[in-house]
Structures are given as structure tokens and as C-alpha cells.
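Multiple structures follow.
Paired with subunit B in one complex and with subunit C in the other, subunit A is shared by the two complexes that follow.
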Partner chain A sequence: MKSNPHNRANGAASGVGNVNVASADGGDRARRESGRRQALREWLVSLPTLLWLFLFMALPTLLVFAIAFRPANPYGGIGPGWTLETVRGLWHSDYLLVAWRTLWISLLTTGLCLLFAVPSGYFIARVPGKWRNRLLMLVIVPFWTSFLVRVFAWKSLLHPDGPVKRVLESVGLAGPQTTLLYHPGAVVLVMVYTFLPFTILPIYAAAEKFDFRLVEAARDLGARPLTAFRKVFLPGIRRGLMTAVLVVFIPALGSYIVPDLVGGPAGEMLGNKIAQRVFVDRNLPHAAALSALLVLAVMAPLIAILALQRKKSKPDIIIGEAP
Partner chain B sequence: MKRSRFPPVMTALVLVFFYLPILILVVNSFNAARFGGSWQGFSLAWYAQLFHSPEIWQAVRNTLVIAVSATAVSLVLGTTAAFALHRHAGSRLQRLHYTMIYTPLVVPEILMGISLLMAFVAAGTRLGLFTIFLAHVTFCVSYVAMVVLARLQDFDFSLIEAARDLGASGWQSTRRVLLPMLLPGLAAGGLLAFTLSVDDFVITFFVAGPGSTTLPLRIYSMIKFGSPALINALSTLLLAVTFTAVIASRKLARLKS
Partner chain C sequence: MSEFLEFRAVAKRFGTIQAVNDVSLEIRKGEFFSLLGPSGCGKTTMLRLAAGFEEPDAGRVFLDDRDITDLPPNKRKVNTIFQSYALFPHLSVRDNIAFGLSIAKRPRREIDDAVDRMLRLIQMTDQAAKKPDLLSGGQKQRVAVARALINKPEVLLLDEPLAALDLKLRQKMLIELDLIHDEVGITFLYVTHDQAEAMSLSDRIAVMDRGRIEQVGTPAEIYESPRTSFVAAFIGDTNFLEGRVTDCPDREYCRLAIDGLPEIVCFNDKQIQPGHAIFMSIRPEKVHISRERPEAKPLRNLLPAVVEDVIYLGSTTKYWVRAEGYRFQVLAQHSRYYLDEKPLRWKDAAWIWWHADDGFMLDHFRKGDENLLAVPPQKVGEPLDGLNGKNEK
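== the complex of A and B ==
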């Protein structure tokens, strides 16, 4: 907005240039001058964040990859020289097991979230305005509450003396020996609980823009309800589905709190292994190597989805859709 | 057309699933029983005990110091970035800028935590409140930038031109026209940054040092080693604070419109 007068002045200059051929060169220079000023101003307003994010995001990430190839020293720091030992150490059956568990827990969580979020998002998009806002609010409010508190709530629910166990025992689904906590199933359950609002919102946002007359048309043409849903509605909200997958699957891969509090050794994920290397045996290169692996695991689906979305339209996957 | 019963039933179940654990937690915070297995009478003992634990108040103080300073800095940085992204949209520099701002939104927190820890260790920075502040600004900037950018995209810039045509100087039109209209966006961005900072555990966990325990760190160690009843009470208080804040901000927003 500030440079509008410049643009206008520019326009005037080139207008003069049209009349007087000799001064066309001068108009050109003025335009170039103003373009340079524009570029300078762009750099000036972009530099603070670029610099900050370079220092505290890009550089540290590069550092993680570098430290993965450095030896550890006995004082919990980074030793001199370079080594391939740590990276080779990742090819250990223990880590392969944890990596595989991280992958299947994240996939299952994403799948279950979609399973619950699609009907909910669809329903919220179809109810009348006043109720729609209330329902949306009800979906949003839980994720305004502390993440740790929500995980803790489940930890006490699933506790051996907790209410879930007692209900299951009374209907004969659980014996006294059944453990609900410290099990990969508990991790999936609590992860679905914490991620579900993030899945419902983008699906609702896409369903709200969807033209439901298309489903009616399909029904009129003889499609069965489920077929109309699958062949018309789901492709129609494709972008919302992709966003939902993105905001669940990627953070799920890096989960730490949930498996740490309700997973136990049987439910450990890559995030727990990274934290153990940092806080238990203070081996930063080892933690760096594991983190580098996680970075690569996260990049693959991210790039795939961004490429898919770019093909369709602008890549504004999260703005305005998720919180 | 007959509508299926399945979506409303599923939505109801999802909402029960959302609220039941929180409800049980709140009820249990008034339970005299230490482990909440069964109801042993109404009690406010856990709240009383909470008010007499200095570590919790120290943690609250640390949390607020970090949240306020991180919100202030990320508000300035994020708004500047949003202006750059909006004003110069489409240039190569802004595409890079957008990618840099977008990345912290999708990268798992643990990666940001570990990479910042590595950077601080490599630079020899002492871990503490200052490193937590730096880390919090880093993830808050992106959220502020996105929220303010969304506002700017809705903003009708011809209003600024009108002000300029009517003789307002550049500064006047910014201060008297743009800023007031942008204020809800700034407030929303600031509120988001503040809540994210107050609630952050994972990143803080990695870059915290001795004496810089924040409230989430405190809650975490209470979950691991402390009494569940005390956490119930603390969680209920936190819930009350957030609910009040949400309702107040909704009321404010309604007053504006």
C-alpha cells in the first residue's frame, strides 16, 4: 500500500516517455530505480523472520545431520573427528522394531481418525447454521485444553484401578490380569483422542464447501447411498482428506508424550528412543542419527502431499483450515 | 431424501469420547480418595495442597515470563513476515520465506526440540529460560504469520488508498486505518502464540535447564512421580482458566461484530 504513489509516479513517467521518445530511457531508469527500492523493501520486511528461522530452524536441522556423523565423548558432549559407527548402529534389530512400530501406530491412528472424522465432518457440515457453530465449538474446545492434561486423563482412566478396567471386568471383557496401560493399543487410543479434532476440522471445512446436490443427483441416477458417498462425496472433499492425513500422520510419526506416558516399553516409538539417547545415556550423536532418520521419514509424505496439492491449486493446506 | 442415521450417531459418540475423560478428571479432583479409584466423599484438600506448593507457583511464574516475552517478539516478527508475504506475494524470495514459515507448522515438535538442543550445545549456550524463550519464538512466529496473513488477505487495501487520497500521510493511514482493522487478527495471533507457549511441553523439555521448570514440565514430573489427585486439581484449574479465556474472547469477538 505504501508504494502505490510510486507506482502512480511510475505510470506518469512512462506516459511522458510515450510522448517524448528521447526520455523513454529516463522512464525506464525510473522504473528500474523503483523496482530496486521495491526489492530492498521486500528484503527489509522479510529479513527478520528469514534470519530467525535460518538461525533457529534450518541451521539446527543441518547440525543434526552433521552431528550424526560425529563421535560422542564420555562427558555427554560431541567428540572430535568423524565416524560412520552411529549411523551404522541404526541398522540394529531393536531400532528396526521401533521404527516399524512407529510406522504402523501412525498409520493406524491416521486411519481411525479418518474413520471417525469423515462422518462427523459430514454431519457438522449438513446441520443448520446455529447448530453447526455449536458443534464446531464443541469439537474445538477440547484442544484448547493442555495436551498433557488430556493424556493424563486417559492414563488415569486406563489405570488398573481405573473406571475403564472396572467396566470391562463387569461385562466380562477383562480379567484381573488384563493390562490396559503400557500397550501399543493404549498408544493408538490416546493418539486418536488427541488428534481427532485436527482431523475433523479440515474435513468439515472441505465438506462445507462441497455441493451436496451432487450426491442427490447421483442418488437420483440410481447410485446406492454408499456408492454415492464413496464415488461422489469422498473425491469431492479430497483436499480436506489430504490435509487431515498430513496433520495427523506427520506429528504421529514424531509422537513422544503419548507413548512415554501410556505406552511403556512395549509401546515405545522413535521419539522415545531419541529422548532416551538424550536424557538417559546422554549420547547426542546417537540421538542425532535417530532424529535424522525421523526427518527423512517425515519429509517423504510431506513432499508427496505438497506435490499432489500443487498440481491441483495453491498449497495453502493449513491456513484457514486447521486452527 | 432419507438421511442415514450413521453420521449423527458417530458425531455424538465422538463428542462423548472427547468430553468423558475430561469430565471424569474434573469430578475426581473433588474426590477425597488419593488414587481416584472410588468415590470417597467431596473434598477440596487437593486444591488446598496445590496452593501451598511453592514449586508450582515458581513454574507458573516461569511459564508466564516466557509466554509473554515470546508472544511479544513473535507478534512483531510474525506480523512483519505476514506483510512481506502478502505485499510481495509470488516472488521467489517470498516462496522461500513461505516455505521457511510453513515448515515449523508441520515438523514434529520433537525434531524442533532436538535440533535446537544440538544448536545450543554446539554454540555453548547455557540452557535455561532464555533458550526456552528462543525456542518458543521460533514456533510461535509461524502461527502468528499465518493468522495475520489470513487477515491481510481479507483486508480491502483500497481503504488505505482512500485515506491517502483524502490527505493522510503514510504513517497516518497505517496507524488510523490499517492497524485498527488488523487488530482482531493481531489479537487472535497473539492469543494463539500465548496459548501455544503456555502449553508447550516437548520442545521446552529439550531446551530447559536447571531452574527453568515451566508448568507443563512440572505437570509432567507430577504425572511421572507425583500424586494423581494433585494433578486432577491442577488440571481442573487449568481447564477453568482456558474455558474462561475462550468464552471471554468469544464474547469480545461478538461485541466487535
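== the complex of A and C ==
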């Protein structure tokens, strides 16, 4: 997952290189030479990052993929030879259910985060400067407390004897039988809470650069406020939205702590299953197979979004990229 | 032609700044009307009030006798061309132009036909698929015009549309805007700080300063008989003289006593009575200059002067001369024999004169407006500045 920002940075860097090459008149050898030198320099600069990513990201991932095809031994290690047994074992109805739950919880979390973050980002970008910094500060304040502590706080808030339940009961929205904790809903709630700042920040960054005169222009041309928002503002912050989706959806697919603490058996996700295979069953190949499945599931939308972004930004790479 | 777009006692304040201060203005149907003034004079606020981007604190706005003050921008039959053009960067030229019609959910066929027509009008049919980022300034401007006109607005609002263009392109777009106005025949409300733009395009101009309208009239009226010192100084150049009306021998002319000058005769269209303190203004090109003394005539104001500075401008020459205590700016036409005619030089003695009809008395004079002139006039006895010194050689 860590590779994501780095890859993006590389893409942007080679994009800068393209600008120079593209602006050179065709056939000008000296300039092509300098373009090549620049490309070489870019490679040199990115080499440490690439090396790091290869050693600590690509190589371990490949190892995990490989272990999925090895048999387990009774001592919790890896047995000799190769087998497809473990991979076949993934087609267990229990896993399908958990995979499906992982998918919908992640999608719902992403959707809800966007739903809250887009208006927040818009609002923060529109308030006067001094208020903007204060509001951004408020967005970041939760990070002052440990993530684990905050999730435990939610656990006690949602507890059957907790304050939330009592308030809901007193206004008649919950009966004594209603469960708040250990429920997929609790997982979604706490995940939205956790990821919301990560969504607000990229959307705010995009909204802050957005030229709000475009909204005026749309209104002038007959668009109602919501139409102008949809047809001009949302396309204008497209990049921020895509970043926000990546930043929420992918970690959400791999979440472990939140479902473990507030989800219970009914809110289990793939991350919990992997942990159980490692720590309860001590079956490393099984855990590796599940992890590989998750990695593939994460990479598919990632590659799709990156491809989409590249395709969209291609025509304006010469001028459009520069702020 | 009756009033079409009407501002009635409109006021708008932003924080401590009174952007528009009790302005009433009537714009006629089909007219090319300009709001002219320096930055911060409230002209753009007026335009935004017409577009619906701002609500007035007081007063009403009418369009074709309907009160549109409370209508949101999307409900007004007016369209704006923004200074920055505000083209949608994620849409192609074609989709930008089609925006208004597709918002209005017109049939696909109708939109395509209308966009094709607009693309032909702005001669950009072959650029229809491009994104705005790839267009030049002039092309962006044309797309902005097409995007507004396709909605057939009743009034087209233009917010300094040429300010971002270089001089040559500006002159070209000026002609294009004029042609488009002639062709579509809708009312144009044009906001600019550039007097040349306003003069050359407009049927009528409102000159604004500090949130108020100083004068409304045709370009010639504004230039030839400015009512206030601001209008006289902001549009073109002028010379201000301060004095007192001594007597009015007939209904048309009166005599002025101006400190240190011989008696000045001035056209008196405002029926100012003797005894009033007045300011008068005389345009530099209305003042004549020569080495020889011209013959004295009844309505000719004639003064001896010393040339202090000469600026050769090609088709004309600008002189700064001192006559008695006053510094005059004189703009003289000259023939191609300029050099053979022994032109006036620095420190030469000369005569300046103007006809009584060419000076005008101002309704209102505000100290400080003379700073709007190209070179602020100097007091008598001040040492000559470095610029003059350089000319000596």
C-alpha cells in the first residue's frame, strides 16, 4: 500500500520530463540529448526509493504469494514441496461471506467519507483565511490521540451500558435488545470516523485551488446551485476525489483493528481472518493465500483508477499540469 | 428606445467600503453601454448586481420593467463574459459553448446546430474538440463570447473582457466585439477602466468614481463637456484653472478673473452668475501655440508663455509651457515640415491661445483629481526637475 504515493510521485516526475521533451522542436539533437540526461537524472534521484520499495515492499509481497503455494507443517511453519491445496481452500463459503462483507463495508465507508468530506472541504476552502487554518486544525486534532485509544473510546461509547445506547433508549430509538457494538454498522461508523480526516484533506486541497468563479459562470449560464456544484465543482476537484477514494478504500479493505475491536464475529473482515490463520491456527500458507487475495483485490481498483487518471490527464499534460 | 436595464437608487457595501453609493442608471435596449472608471470605483459591483452575483443593500434592479433584484443568476436573462473568461477547464470548446443549452435540457439536435452556428461565428469550428487550456487568449475570449451569446441573453455583461490581452489583440477583439454587437443587436453592458475602449465601442458611457456616477453621456459629450474635474481628468488630458466669474456681458459668455492671468473669456452654458468661484478646464489640443504673436480677437484668450518641455509624439507634439503662474499642457498638430519650421524648443518664448468656446466651467471640482493627469502641474518658482534638466543639452 505504501507504494502508492511513491508511484504517483514518479509518474508526476516523468510527466515533468515529458513537458521538456514535448516542447522541444522535433529533430533538435542537443535538446533530445538534454532530455535524455534529465530522464537519467530522474532515475538516479528515484533509485533509493525504488530500492527501498523493492526490498521491503515488492520482495516480501512476492514471498507472501510464494508461501501461499507451499504446504503447512504441524509446527506452524512451512512444509516441503508445493501444493495448490491452500488456494483451493479459499473457495470456502465462509470466506466468500467475509470477502463480501469486507467489500461492502469498505465501499460504504468510502461513500460515507466522501459524503461528509466534500461539503466540509468545500466549506473550509470558502471561509476566510484565518478561519480556514482553525478549521483545518480541528480536522487534525484527533491525531493527537493514539488511534487505538480512540477506537477503545468508541467501544465504551457503544457499549450496551454506554452513553449512546442510553440516549437512544431515552428518546425511544433503541430497545433493550438493540445491539450497537459487535455489529457491521459499528465497524462502518468507527471506520468513517477514522478515515474522515484523510478524505477531507485532499478534497480541501483540491477545493482550495479550485477557481470558484467557474461556479459563478455556471450559475450565470442557467445552472441551479446544485447543478453548478455537480457539473463544475466536482469535475474541478476530480483529482482530490480520486486521491480521497484511494486513501480510504484501500486501507479499509485491509483493516484489522477496527473490526477486531468493535465488529465481533458479525463484523469480521478479511484482515481478521488472516490474523486468525496466523495466530490461532498457526497456518502460515493459509494466511499467505488470504493476504495474496487481498493484495490482488486492492491492486485491481488501484490500477483501474491510475489508468483512468492517466488517460484523463494525457491531453493536457503539456499545459494543464503546471499550476 | 426606452430604458431596458435599470438601476434604481442601488447601494452596496463590502465591510467598510461603500462600493456602490445610491446609483440610478438607465440603459436602453440594444445599446452598447460602458461603465468606465478606475479600479475600485464600483463598476464591477454594478455588473455583478445586474448578473445577480451580489444583492444590493438598498435599491432595485429592473430588466424590461420586471423587478429582477431578488432573482438568482440562473433565472436572469443576462449572461456574463468574465475577465478571466472562466471557461470550464474539464470541458471541450464545444461543451463549454453548449453548457447553457444543455443545462436548459434543450434537444440534442438543437444544441448541436446552435453550437455549430456559434463556432462558425467565432471562426473556431476546427478547434471545437480542444480543451480551453490549449487555446490562446484571443480564442478563449471568443469561446467566452459564444458561450454567453448562445443563450440569447437580453443583456450581455462584459467585465473588462480585453484586459488580459496584449495591445494588438485587444484592438482586433475590439473590432470583433463591435461587429458582434451590430450583428446580434442585444444590449451590451461593458465594464472597463480603459477610456479608449469605452470611447471607441460605446453608444453611451457612465463614468464612475468612488461608488457614484459622475456623468452619463455619449463619448463625445463626456469628452467635450465633462461636468466634473474627475471626468475631465480621467478621460483625456486637460488643464485646470481656478478663478471667479467677474461679469457676464451676455447669456453665452462670461469673464473670469484667474489669479495672475489676464482676463479669460469662457463659454457659460451653465448660467453661472457673477461672483461665483469656479474651476475651468481646457483640453490641451484646444490650446494653440506659436512663436509669433497671433492677432487678438474678441473671444480669443491669448497668453505669453515660456516653453518648459517638449515631447515629440510623431503625429503631434506635446508642450509644457508656463504662462504667468500656470503650467499649461498644449498638444499641437504639425505638418511634415516640422523640422524646417524651426520647432519650439526648451526655454523659447511663445504665445498660447484658445477660443472661449473651447474652455468649460466645471460643476464640481475635487482637489486631487489633477493627480490623474499625465504630469501633475507644478507650482511657480519650483526648481526644474531632472527631466527638464536633461532636455537642456
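One rule holds for everything that comes next: the second predicted complex is superposed on the first by the 256 of 323 C-alpha atoms of A that agree within 3 Å, B and C clash if a C-alpha of one lies under 4 Å from a C-alpha of the other, contacts with A are read in each partner's own complex, and residues count from 1 in each chain.
Following the convention adopted for this analysis, contacts are C-beta pairs under 8 Å (C-beta built on N, C-alpha and C of every residue); 3 or more make two chains touch, one makes a residue touch a chain.
Small disclaimer: the values here were computed from a predicted structure and weren't measured.
The larger set of touched subunit A residues comes from B, when the choice is between subunit B and subunit C.
In the overlay built on the shared chain, the residue A:Ala207 is in contact with neither subunit B nor subunit C.
Applying the stated contact rule after C-alpha superposition, one finds that A:Ala289 touches neither subunit B nor subunit C. In the superposed model, A:Ala218 lies in contact with subunit C only, and not with subunit B.
When the two structures are aligned on the shared chain, A:Glu42 is found in touch with subunit B, with no touch to subunit C. In the superposition on chain A, contact of A:Val188 is made with neither subunit B nor subunit C. Look at A:Pro235: by the touch rule set out above, it reaches subunit C but stays clear of subunit B. Once the two complexes are laid over each other on the shared chain, residue contacts for A:Ala30 go to neither subunit B nor subunit C.
Where the contact sets of subunit A with subunit B and with subunit C meet, they give residues 216, 219, 225, 318-320.
If you check the complex, the residues on subunit A that touch subunit C are 211, 213-214, 216-225, 227, 231-232, 235-236, 238, 315-316, 318-320.
Subunit C makes touch with subunit A in their complex at residues 51-53, 72-74, 78-80, 82, 84, 86-90, 99-100, 103-104, 131, 133-134, 147-148, 151. Every residue of subunit B that touches subunit A in the complex is listed here, in rising order: 1, 3-4, 6-8, 10-11, 13-15, 17-19, 21-22, 24-25, 28, 35-37, 77-78, 80-81, 83-84, 87-88, 91, 93-94, 96-97, 100-112, 114-119, 121-122, 134-135, 137-138, 141, 145-146, 149-150, 157, 160-161, 164, 170, 173-174, 178, 192, 195, 199, 201-202, 205-206, 216, 219-220, 223, 228, 231-232, 235, 238-239, 242-243, 246. The residues of subunit A lying in touch with subunit B in their complex are 1-2, 4-5, 38, 42-43, 45-46, 48-50, 52-54, 56-61, 63-64, 67, 77-78, 116, 119-120, 122-124, 126, 135, 138-139, 141-142, 144-150, 152-157, 159, 161-163, 193, 196-197, 200, 216, 219, 225, 246-247, 250-251, 253-257, 261, 271, 274-275, 278, 284, 287-288, 291, 294-295, 298, 302, 318-320, 323.
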